[in-house]
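Naming follows writing order (A, B and C), and every chain is counted from residue 1.
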Amino acid sequence: MKDHTAVRMIKDKAFRVIVILLACFSMLPLLLILYYITRNGIAVINWEFLTQLPRPIGETGGGIFNAVIGTGMLIVLSSILSIPFGITAGIYLSEKSEGKIANIVRLCVVVLQGTPSIVIGIVAYIWVVAPFHSFSALSGGVALSIMMLPVIIKATEETLKLMPYHLKEASLALGVPYYKTILKVILPTGLSGILTGILLSVARITGETAPLLFTAFGNQFMNWNLFKPIDSLPYRIFYYAMSPYPEWHTFAWGASFILVVLVLAFNLIARGVAVKWKVQF
Amino acid sequence: MLEEKMISLRKELIEYATHVEGMIDKSIGGLVRKDSLTLTEVIEKDEPKANEAEIAIEELCTTMIAQYEPKAKDLRTILMVMKMNNDLERAGDHAVNIAECGLYVIERPELKPLLDIPRMAKEAVGMLKDSIEAFIKEDALLAAMVCERDNIVDNLGQQILRELITFMGADPATIKRSMRLLNIARNLERIGDLSTNISEDVIFMVEGRVIKHHREQEEG
Amino acid sequence: MESTVLKVEDFSAYFGDNQILKNINLDTSSNLVTALMGPSGCGKTTLIRCVNRMHELIPGTKVTGKMYLKNDDIYAMQPIVLRRKIGMVFQKPNPFPMMSIYDNVIAGYKLNGIRLKKDEFDNIVERSLKGSALWEEVKDSLYRKGTFLSGGQQQRLCIARALAMNPEILLLDEPTSALDPKSTSAIEELIVELKKTVTMLLVTHNIAQAARVSDFTAFIYLGELIEFGPTEKMFTVPKDKRTEEYLTGKFG
């Protein structure tokens, strides 16, 4: 009897150690990425890098200002396009747990989430680039917004489903019409969850490259026109990394560093919002 | 909710007690002053009023128990109020009895000047008043003292009995009047007993102690 | 002056094919508390929800018969208009978590887009919070969110929110079931106090609560109104044998 217990305790401890080790190992890739990017990229970061436009081939120096601005514009554009549809669809799905339309919408969301980003890029090409005969920021925004949709819809639906029924009851019993109850009571209460969904989807599309290849395309110069091609961080990284110039390689590292910092920031803010603004029931 | 009703209940009981005390005073007073009007009033007006009050208090106690599920002191109070209610009703009946006997006696020649009966009445009514006072003040000590005084009333009753037996032995014509006077004394003695009951109830209400039937002496 | 605030006439309610309420007839008089009591599933909650038509939120419900709120046919009115005249307090306290205490009290006005001057709102807030015996405890933190309030305080906030609309009748659906005994007795005392200004209909599964607090009691069993009368009489001398059995704990 005694031996059995000893063996069991050893097994128990061993299991625990293995689990902890494996968990730590799974963090390793992320830590390595952060380490390499920081080590290689941080040297390049300076004021000039962040505020200057890229120089033509042959010249040294320059920066990624247009890429940073471009990414910013794409985020804003895709958010404007996706948030209204996403939240509304999320509201619809949370209200209708059954029904033909609701089930079809849910299926589409699942499929959309699994669609390769490059395919979405091609679709945006057909919708926007071809008719306008030009690559454009708009088409990039469209592509990215399609990618944001499933995340926003799911987050909204899940958040609103968690809203307790008695909250609706309280509002309806005061004589408030149903639609107002949703807009003025349920949505504001679920804001933290919805905002988290939006921030997470933004974090996701910030680094998407493939769809931008056919849509926003990239631009050496600063561009504020939505109907013309626009640069972006992922694209700039791709362009610089594929080039034969060592200086541009370092720039690619620098841009990667900025990109990683941005994505990390969005994720952390999303986490903060989820924790701090969450309404407890 | 319950508190307000308790205040109401106490007030009603005190009013009832005061009414009954008045009935006893009036019947003894009417006897002494040979006032048949007062005695008739006790029988015809005061008694119905007393009966109504008794029923009202009983109903109030019943609904209070049903509605509020009183505990501890509140429960004891309500239960004791019901008992006191009964005792007061009986005291009222005794007052009516005294008045009826009084009506017979005052129409006939006096056997002797009434001294002992008024004295006994004063003592008995005093016991009743003090037991109610003990209830109002929730004074268990005062209530205990009332119980002690029962002997005085009983002794006075014995005295009156001896005296009346002497009268009846000496002259059979006085028997009817003597019997009525004896009755009056008996009623007064019962009023003293009822006051003792009320005092015992007050002690239970205030302290939760049962002293009736000499229980404490047995346990001690 | 006593008058009938709510009149229920031959009222029946159905969920699909199930008949939940069978021909209920009762009247609620003003400035009194009428309690609906009965075992679980007897239909008392359904009945109270039919008064402000909250049962219509569940699909497949149907009603027959009539209900009148001070001579107005409840089922001929717009539900939204009706509900603004009726206050409801639920079993689980449900103040709006994103609003301050101040905003919670006037939520009925704000959410319905009814605009008043700031001092009018201030008066309403003070009056309602005083009416629900919460004013002293929150008057210095009116603009904080109500999440720090205890269960009993939250329920009083919900009562204040209902009172703010000056309802013609206040519906209380098991308002103390989710509260601890101390908060429960605070709410019960509040109900007894509120009688002076508000007419109330109270659903409770706690027989003792109905006995303590109400002036009239309706005993409902399996959807039928078995007995209805003054509370004093019903708890001492019930007329129907089933009422007697329920009160003495033989069933339910």
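Basically, contacts are C-beta pairs under 8 Å (C-beta built on N, C-alpha and C of every residue); 3 or more make two chains touch, one makes a residue touch a chain.
Since this is a predicted model, take the numbers as computed values, not measurements.
Leaving out subunit A only, every other chain stays linked by touch in one piece. Top contact pair of chains, counted by C-beta pairs, is A-C.
Centroid analysis (C-alpha atoms only) places B farthest from subunit A. Averaging the CA coordinates per chain and comparing them to the mean over all protein CA atoms picks out C as nearest. Subunit A and subunit C have CA centres that are 48 Å apart. Averaging C-alpha coordinates per chain places the centre of subunit A 93 Å away from that of subunit B.
For subunit A, residues touching at least two other chains: there are none. Here subunit C touches subunit A in the complex through residues 52, 54, 57, 79-84, 86-88, 90, 92, 94-98, 107-108, 111-112, 147, 158, 161, 165, going by the rule given at the top. Considering their complex, residues 1-2, 62-63, 66-69 of subunit B touch subunit C.
Taken in their complex, subunit C has these residues touching subunit B: 188-189, 192, 208, 211-213, 231-232, 235-236.
In the complex of the two chains, the subunit A residues touching subunit C come out as 164, 166-167, 169-177, 180-181, 184-185, 188-189, 191, 279-281.
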